[in-house]
Amino acid sequence: MKPRRFNMRSLILNTGSTLLLPLLVLFSLFLLLRGHDEPGGGFIGGLVAAAAVALKLFAEDYKAARDMLRVHPLQLVGVGLVLAALASLPALLVGQSFFTAQWWLVDLPIFGELKLSTPLLFDIGVFLGVIGTVLTVVFTLAEAEHS
Amino acid sequence: MSPILDYTLWVCFAVLSVALFFALWRLFKGPTLPDRVVALELIASMTVGIIGLYAIRTGRDAFIDVAMVLAITAFLSAIGFARYLEKGSHRDDH
Amino acid sequence: MLIAVLSCFILACFAPWLHRLGGRQSGWLLSVLPAALFVYFASLLPEVSQGGQLQFAYPWFPGLQIQLSFLVDGLSLLFALLITGIGFFILVYGGRYLEGHQSLGRFYIFLLGFMGSMLGLVLSDNLISLFVFWELTTVTSFMLIGFNHEQEDARKKAHQGLMVTVMGGLALMTGFIMLGLAAGSFELSTILASGTLTEHSLYLPMLLLILLGTFTKSAQTPFHFWLPNAMAAPTPVSAYLHSATMVKAGVYLMARLHPSLGGSEAWLLILSLFGAVTMVTGIFLASRATGVKRVLAYSTVMALGTLTMLLGLGTEKAALAAVTFLLAHALYKGALFMIAGILDHSAGVKDFRDASGLRASMPITTVVAILASLSLAGIIPLFGFVGKELLLEAVLTASIWQIGLTIATLVANIMVVLVAAIMALKPWFGPQIETPKKPHDPNVALLVGPALLAVLGLVFGLAPALAGNGILTAAASAVYGQPVTIGLSLWHGINLPLMLTISSLIFGLIMYRFWAGWRHITRFMQTAEKFGPEVIYERLMLGMTTFASWQTKTLQNGYLRNYLITTLGTVIIIVGWALLRVNQLELDINFSDIKVHEFAIVALLILSAIIAVMVRSFLAAVAMLGALGFGVALLYVFFSAVDVGITQVLVETITVLLLVLVLYRLPEFRSLSSSANRIRDAIIAGITGLLMTVLILAITSARQLEGISDYFLQNSGPLGHGRNVVNVILVDFRALDTLGEIFVLALVAIGVYAMIHLRTGALPVTNSDRRAAFTFRRSQKEKMKADEQAQKEGEAS
Amino acid sequence: MEVLVALPIIIPLLLGAISLTVLSNHNAQRWIGAVGTALLLISSIALLFQTKDHGIQVLEVGSWPAPFGIVLVSDMLGAIMVVLACITGFATALYSLKTVRKRFERFGYYPLLHLLLAGVNGAFLTGDIFNLYVWFEVLLVASFALLILGGERAQMEGAIKYVTLNLLSSALFLTAIGLTYGLVGTLNMADIAVKLGSVDDQKMVTVIGSLFLIAFAIKAAAFPLFFWLPASYHTPQVAVSAIFAGLLTKVGVYALYRVFTLIFTADTGFTHEILLWIAILTMLTGVLGAAAQFEIRRILSFHIISQIGYMILGLALFTPLAIIGGVFYIMHHIIVKANLFLVAGLIYRLRGSFELKKLGGLYKDHPGLAILFLIPALSLAGVPPLSGFFAKFILIKAGVEASAWWAVGVALLVGLLTLFSMIKIWNEAFWKGTPEPAPAIPAPTRNALLYWTIGILAAMTVAIGIFAQPIYVMAEMAAHQLLNPSIYIEAVLGGQTP
Amino acid sequence: MTTLMAILIGTFYAAAIYMMLRRSVVKLVIGLILLSNAANLLIFTVAGLERGIPPLIPKGQDVIAGAAADPLAQAVILTSIVIGFGVLAFAVVLIHRACEVVQTDDMNEMKGTD
Amino acid sequence: MITDILAALFVLAGSFFMLVASLGVFRMPDLLTRMHATTKSGVLGAGLIMCGVMLFFIDSSVTLKALAVMAFTTLTSPIAAHAIGRAGYFIGVPLWHKTIKDELHGRYDEETHVLHSSAAQKEAQEENSSQN
Amino acid sequence: MNVLLSNLVLALIWAALTDTMNAGGIVIGFFIAYLVLILVFRQHPDVRQYRLRVPRMFSFVVFFTKELVMANLKVAYDVLTPIHLMKPGVIAMPLRAESDMEISMLANAISLTPGSLSLDVSSDRKVLYVHVMYLDNEEEVMNELKRLETKILRVMR
C-alpha cells in the first residue's frame, strides 16, 4: 500500500485519453479564438488545454505528459508573459496610449475576414500563461510524488 | 414560448432540484470515497441538464457553452480521485 | 560662525588620519583647532562684554523654520570659551593619557565631534538646531563613555547614560515644539525678545518637559545616578564632558531660557527645590565615596544642583552667582579630574584609600591639586571663594525657603570642604604607601592643563573684575534678562556669608578628621541605595523588558488560529460598530422573487457548505467542494454570467485535481480542537457571516446611482470589435487587470516550481520535531493497518 | 511624456518576463537585474520630476477614458513611493548580485524580484480600486514565492501564516471593493470619491471604509493585525527581507493614505479616530516586541511594525503637517529599514549568526560596518540630524499642534525604546568582545559591492537629514494634493463627472 | 433573490472562517476556497442580479438592444476567480511542502518562527 | 408549437431519467449498482434534455453545441465510471451482500496493479516473477 | 480512417462553397461527399470498406440509442420499486476485440447498455470484467454482450 511511481495501466483510460486529448485541445483553441465574440477566451481556453495535458498525466504518467508538451511549462509561462506584455506596446509605436488596441483586418479568400489584433495577441498570451501555470503546478506535484 | 413548455420547464426544474438533493445526500453519506465521486459525477450531469433547461427557459443559447465545457471536463475530477485511490494512499472516509 | 562649529566635525572626520600623521604629538597637533577657536571667540569678547550680541544665520530647513542661526552673547560666549579653552587642554592631555591606545584615533573623532556639538549647542539661536546639537552631544558622549567597550560595565553604563539623557532629550524636544508654538518662533533671540511666556496656556507642560530635559542632562536628583556611572569613560572624557561642559548643557539651557520661562512660581519652586536636593544629595554621596573619580563626580552633581538652585532663585545676584560659580567650578573641576587621571596614570591609584604620601614623588602635581582643591573649598583668595560668597548671598536673599536653602547650602559647603580636604590632603600627605605604579610627576602634556586651570582660579580670585568685566557680567545679564549691575569682588567685608564660610571650613575639616567614621556612620546608605533612583531605573528597564516579553509571547504566540481570531474580532468590532452607527439601517429583505430552481441551488449550496465544514474526511470535503463549485457555477449561469460560469466550472475541477494530487501526502483527518474551541470558532464565524449578510442587504438597499457598466454594453461592439462584452473588458477595456492577473499566475508557477525543486536539507532537527515526526509516522502505520483490516473485511463480505 | 507613468510598471514586467525566459543563464539574469533596476530607477526619478514640475500625471490605459478604463495616476505621493520602491529595488538587486546563490537564481529569484517591483509600482500608480487589488495580489504572490525560496522549515511555517493572513486581508479588500461597487457602480477611485460623496447616508459609506481600513491595516501590519510579519520576515534571504521590510508594509500604508484622503473623508471623526488608536498601539506593541528579541532580524521586524505606527499616526492626525510628517516618515523609513536588513546580512556573512549572543567584536574588526550600522540605526531611533529625526519631529510637532497628547507621549516613548533596541544590537554585536568560541563563518568574503550598496543607502539617510528641505517640499506637495482631493479628481476625471 | 443570496454568502463566509480556524492546514485550504467563492459571489450579488440576459451582443448587431447583466462586475469576478485560483494553487503546494517538512498538518505545531 | 411540445416531452423525459439516476445513487445498495444508475441515466438524461434544446432552438449552431454536449457526456461518462469502479474495487469497497458472483476477486496484483485474466494466469505470473 | 477524414474535409469544403457553414450544411455536405466518394472511388479497397461502414455506423447509433433507453427503463424500474430485484455479479467476458480502440469502445458501450458495467480489462487483453446487474442467467447475459461486441467490431473493422 505504499505510494510509488505510479501508472494506472488502464487500457480503457489510456484509449479514452488518446481519444479525448485532441478533442480537448481543439476545443480549447476553439474557445480561445471565439472568446472575443462568444463565451470563451484565453483563460478558459487555457484551462481546458491544461486539463487536456492533466488528463494525459492522470491516464498515463508524468513522463508521458511531459513528453507530449515537449517544452517546460515554465517556458510557456515566460512566452505567455512576453506576448501579453508585448501586446501593450504597439500602441506606443503609433503614438497612442499604452495598451491601446490595434486592429489589423485581413481579408482571406476562404475564411473570410480575419480579425488580427493586439487583444487577440494578448489573449493568446493569457492562454499560454494559464496553460504554463496550471501545468507547472500539476507537473511539480506529480514529480514530487516520486521523491 | 408556449405555456405547456413553460409549465413543463417548471416541473423539470422542480424534479431536478429534488434529484440534486438525493445526490447530495449520497455525497454527504458516502460511505466510501468512490460513492461520493459517483454522486459528484451525477451532480455534474444534472448541472448540464439544468443549464439546458435554463437555456430553453431564457431562450439564450449562450448558456449551452457552459454545459459544453462542463460535459467535457467534469469527469477529470473523477479520474483524479480514482488515481488517488489506486495509489493506495491512506483514506479517511470509512 | 558656521565654519567655527563645523570645523570641529570636519577635523573629526580627518582625526584618525591626523593621528597617524602626528604620532606621539597628535594631541598637540589636533589641539591647534580649539586653540584657534578660543582665540576667535576671545576676539569677540570686547563687543560682547559691552552688552553686544552677535547673530549669524544660515538657511537649513526653512519649511520647518529650522535654520543654523547662532547667537553670541555673554552666556553663550562664556560657554564657548570654556568649551574651546578646556577642550584645548583636554586634547593635549588626552593625546598623552591614551598614548598608544589602539582606539585613540576614534577617541579623537568623538571628542572633536563632541566639541563641535557642544559649541553648536551653546551658540545656536534656533531651538531645533540647538536640539540637534544637544542630541549629538548625547551620542558622542555615549561613544566616549563606552570607550572601553569590551568591558561589560562600560557598555552598560554608556547605555544607561544614553537612555536617561535621550529620554530627557525627547521631552526637551516636545517642550521646544510647544515653546515654538507659544512664542511663534523657534529663534531664541525672537523668543527672548518677546517677553515672558509664563501666562501662556502651554506654559506648564512646556516648562516641565524642558526641565525634564535639562534635569536629566545636568544630572539633577533623581537622575543624578548616571553621572558617576559615566566615569567608566577615560579620565580626559570625564574631565571634559562630565565636569566642564556637557553636564552643564542643561544648566546652560535653563539659564538661557530663564528670561522667557523663569520668574513664575512653578519655576522658582521646582528649580530651587530640585537644585537644593541635588546639591545636598550630590555632596553627601561624594563625602561617602572613596573612588577618586567618583568623589569628583558626585561633587559635580552637587555643583549642578547649586547652579540649578541659583537659576531657580532668579534674582540678579543669583544670576551673577550662577555664572561665577559655573566658571569657578569649570576651572577647578577640570583641573581636579585631570589630576585624578594623573594619579591613575602615574601611580595607578583609583581610590583615595590606596594613596598616601605621594607629595615627595609628585611634587608639582601636589601643588596643583592643592590649589584646585582650595578653590573647590571656597577659600580665599581663590576664585571659588568669590563664587561661594555670591552663592550664600543669593541664598540668603531668596524669596522663598530662605532658611531651608541656607541650611542646605551650609551643610553642602561643610561637606564640600571635606571633599576638598580629601582631594588636597589624602593622597599627598601622610605616610607613603605602596602604589600599583611607581609614582612620578607626569609629562608636561598631562600637567599643563590642570596647572593652568588651577592658576587661572587663583588669578580670577585675585582679580575677579578680570573675569567679571570680561564676560561674567554679560553672561549674568543674559541669564537675568536685563543688564546686571553688580560687580565682582573678592572681599565683601565681614558679613554673614563669610561667617558661614568660615564655619563650614571648620566643620569640614573636623569631618575630614573623622572621614572613615563618617563613612561608617552613614553606611545605612548602602541599604538606602537599594531603593535609590538607579535601582528604580534598572527595575523599570527590567520591568519593560519583562512586560515586553510577556506581551510579545501573548500576542505573537505562534498560533495561527489566534491570529485569525484577533483579526476577525477586529473586523467584527470595527465594522460592526460602524454599522451600528448608521442612522436608519435599511435592509433589502425580499423573499418574493425567488424561483424554484434558484431556491433549490441556494439551499443545496448552503447544505454543501455546512456539510463541507462538518464532514469528518478531507476527501469528502474536497468532493463536497466540487459539488459546491458546480452549484456556484449554476448561480452564475442563472444570473447571466456565462464566462464566469465556465471559468468557475474549470477552476473548480482543476482545484479538485490539485487537492487530490497533494492530499495523498497529508496526514489523515484528526479531530484536534476541543468542543469549547469549536463553539468559540463557530460563534466568531457565525457573527462574521451575519455581518456580511447584513452588509450586502444594507448596500443593495442603499445603492442609488447608475454605474458605468452601460458604457461597456454600448461601446464593446463599435469600439472594442467584440460581441462578448466581458471578454472585451478583460482584454481591452481593463487589459491591465488581466495583465496583472496573468503575472500573478506566472508568479505562482515560479513559486511552486521553486518550492518543490529548491530544497535545502530540511530534516527535523530538534527533539520536538523528532517527536512530531514519530507521532506522524506511527499514526500513518496505524492507519495502514486499519486500512488492511477494512479491506479484508470488505473482501470477506 | 505620459508614458513615463507606465514605465515603472512596464519595465519590471518586461524584465520579469524576459528573465523568466532565460532562467538558466545566470549572467543574463544578473545583468538584467542590475541594469534593469537602474533603468527603472532612472525612469521613476524622471516621473517624480515630471509630476513635481507639471502636476499630477494621468495615463489612460488603452486610451479608454476615465472612469471607464483603468487610469494610471502619478500624484506626488504615488511618484515619491515609486522612486522609493525603485531605490530599494536597485539596492536589493545590487546586493543580490553577490549574495544570492546560483540555485536561487535558477529558481526564479530575479523574475520574482522584478515582478514584485512591478506589483509595488502598479499599486502606487493605479487610479482604479480593483486594479489596486490586482497589483496587491501581484506583489503578494511575488512575496510568497520569495519568502519560501530556500524551503527551510522556518520559511514554511512563517509562510503559512503570512499567506493565510494576507489572503484574509485580500478577501476583505475584495469584499470592500464589491460593496463599493454595489453602492456606486464604478471602480475608478476618483469617480468613487465623487459618487460616494452624494450617497445619502454617509455612515453607510463609513462602514465600507472601515472594511478597507482593516484590509489595509493587515497589509500594513498595524495593531492588532500584524502577526504575519514577525512570524515570517526573518526567515527568507536577507536581500528579500530587506525589500520586504522596505516596501511591502508601506504598500498597505500607501493604500490607507490613498483611500482615507481621497475617498473616505466625510466621517473622519470615526475613521481617523480609529486610525489614531491603531497608530498608538502599533507603535507601542511593535517596539515592545523588539525589546523582547535577541535576534537581529527579529528585532528589526518588530521595529517595522512600530514604525508603521508613526506613518499611520500622520494619516490619523489628518492635518497638513501630520500628512507631511507621514510622507516624510515613509520616505525615511523605507531606505533606513531596507538598509538595516542589508547590514544584518553583512553581519551574518562576517560572523555566521544573527543571534546577539553569538556576535561581538565587530566594532573593533569592522569599523566601516560599524558606522554603516550606526547611521541607519540611529536614524531609526530618531537621532538628529539623520533622516529619522526630522520625520519624528514633524509628526510630534503635528501631534502637539493637534493636542493629541497620548499619541505624542507614545511616539516619544517609542523613540526611546527604539534607541534601546538599536543600542542593544550595537552593544552586543559591535562593542562586545568576540565571543569564545568564535562561530563558524560561512563565507567570510569582504565584498566591496555590498559595502557600496549599504553605503549609498546610508548616505541617503544622512542626506535626507542634512538636506531635508527639498524632501520636505515634496512631502508638502504630496500632502497638499492629498488634503485637496479635488486636485486629484480634476486631474483624473477632467473636472467633469459622468 | 438578493436576500437569499445574502444568506448564502453569509453562510459561505461563516463556513470559510470556521474552516480557517481549525488546526489542520488542509482545512485551512478548504476555508480559503470557500472564502474566495464568498467574495466573488458577494461582488456578483451587490452588483445586481439579472436573470437570463448575458452581456453578449447578438450576432449581426453592434449593441445590446435592451438591458443586460452588468458586464463589468462579471469581468471583475472573472479576474478575481483567476487570481484566487492562482493563489490557492500556491497555498495548496505550500501546505503540501510544509506538512512534508514539518511532518504534521497541525498548525499548533507550526509556531517555531514566532 | 409542435416543436415546443416535443421539446417539452424530451426535457421531461430527461429530467425523469435524471431523477431516476439520483434515486438510484440514493437507494442502490453498493457502489457498483449505484454506478449503473448514474452512468446510464446521467448520459441519457443530459442527452434527452439536449434534444429538447435542439428542438426548441432549431438553430444549427445550437444543434452543434447540443450534439457536442451529448457526445462529450457519452464519451466521458463510461470512462469515468470505469476509473471509479476499478479504483473502488481495487481498494476493496465492499460489494452488496446479495452479489452472487465475483470473478474479479483475487485477480489484481496488489503491488503492480496488473489484472490477470484468470486465477491460473495469475499464479503463473507470480511464480514467474518469484523465480526471477 | 483516411477515407472518413476525406469525407469530412469534402463536407467542409461543400459547406464553405455553398456558404452554409453550419450544422445543416455540413451534414448535407457529408452525405453528398459520401455519395461522391463511394461512386467515384468504388474500386479503391479502403473506400469499399468505408461504403459499408457508414450505414453500419448509423444503424449502430440507432441500436445503441435504443439500448440506452432500455437500460434506463430497466434501472428505473428497479430504482423506483421498493424491493431490489437485481442479482448483481462480476463476470469475466473473453474478448474478441484486439486493438486498444476496439476494446475500449466495447467497454464503453457495455457500460452504457442495460445492466452491465465494464470494470476493467485484464492486462493481457483477453478478458473484460463486467459487472452485471441481473445475473439470473449468466449465459444469456454473456451472449448479449458478445452480440454487442460483434456489432461494434463490424463498425470498427
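Read from first to last, the chains carry the letters A, B, C, D, E, F and G; within each, the first residue is number 1.
Throughout what follows, a residue touches a chain if its C-beta (ideal position, glycine included) is under 8 Å from a C-beta of that chain, and two chains touch if they have at least 3 such contacts.
Keep in mind the model is a prediction, meaning the values are calculated, not measured.
Between chain B and chain E, the least number of touching-chain steps is 1.
Among the other chains, C has the CA centre that is most remote from the centre of chain F. Taking the mean of each chain's C-alpha atoms, the chain closest to the overall C-alpha centroid is D.
Inter-chain centre distance (chain E to chain F, centres taken as mean C-alpha positions): 31 Å.
Per-chain Cα centroids separate chain D from chain F by 56 Å. We define each chain's centre as the mean of its Cα atoms; on that basis chain A and chain D are separated by 36 Å.
In chain E, the positions touching at least two other chains are 20, 28, 38, 40, 42, 45-48, 51-54, 56, 70, 72-73, 76, 78-79, 82-83, 86-87, 89-90, 92-97, 101-102, 107, 110-114. The set of chain C residues that touch two or more partner chains comprises 556, 558, 560, 564, 595, 599, 618, 638, 642-643, 646-647, 650-651, 653-654, 657-658, 661-665, 669, 692, 696, 699-700, 703, 707-709, 712, 723-724, 730, 732-739, 741, 743-748, 750-753, 755-757, 762, 764, 769, 784, 787, 790.
Among all residues of chain B, those that touch two or more other chains are 16, 18, 20, 37, 39, 53-54, 62-63, 65-66, 68-69, 72-74, 76, 79-83, 86-89, 91.
Those residues of chain D that touch chain C in the shared complex are 13, 16-17, 20, 61-62, 64, 67-70, 103-104, 107-108, 111-112, 115, 118-119, 122, 126, 130-131, 134-135, 137-138, 141-142, 144-145, 148-153, 156, 160-161, 164-165, 168, 172, 175, 179, 181-188, 191, 195, 198-201, 203-204, 206-211, 213-214, 218, 224-225, 227-228, 230-231, 270, 274, 285, 288-293, 302, 363-364, 367, 378, 383-385, 389-390, 393-394, 396-397, 400-401, 408, 412, 415-417, 419-420, 423, 427, 430-433, 468-469, 472-473, 476, 498. Across the complex, chain B meets chain E through its residues 54, 57-60, 62-63.
Chain C meets chain D in the complex at residues 60-64, 106, 128, 131-132, 135-136, 139, 142, 146, 149-150, 152, 155, 158-159, 162-163, 166-167, 170-171, 173-174, 177-178, 181, 544-545, 547-549, 551-553, 555-556, 558, 560, 563-564, 566-567, 570-571, 574-575, 577-579, 581-584, 692, 695-696, 698-700, 702-709, 711-712, 715, 732-737, 739-741, 743-744, 746-748, 750-751, 753-755, 757-760, 762, 764, 769. Chain D contributes residues 2-3, 6, 10, 13-14, 16-18, 20-21, 23, 59-63 to its touches with chain A in the complex. Contact residues on chain D toward chain E in their complex (touch as defined above): 130, 133-134, 137, 140-141, 144-145, 148, 151-154, 156-161, 163-164, 167-168, 170-171, 174-175, 177-179, 181-183, 185, 187, 227, 230-232, 234-235.
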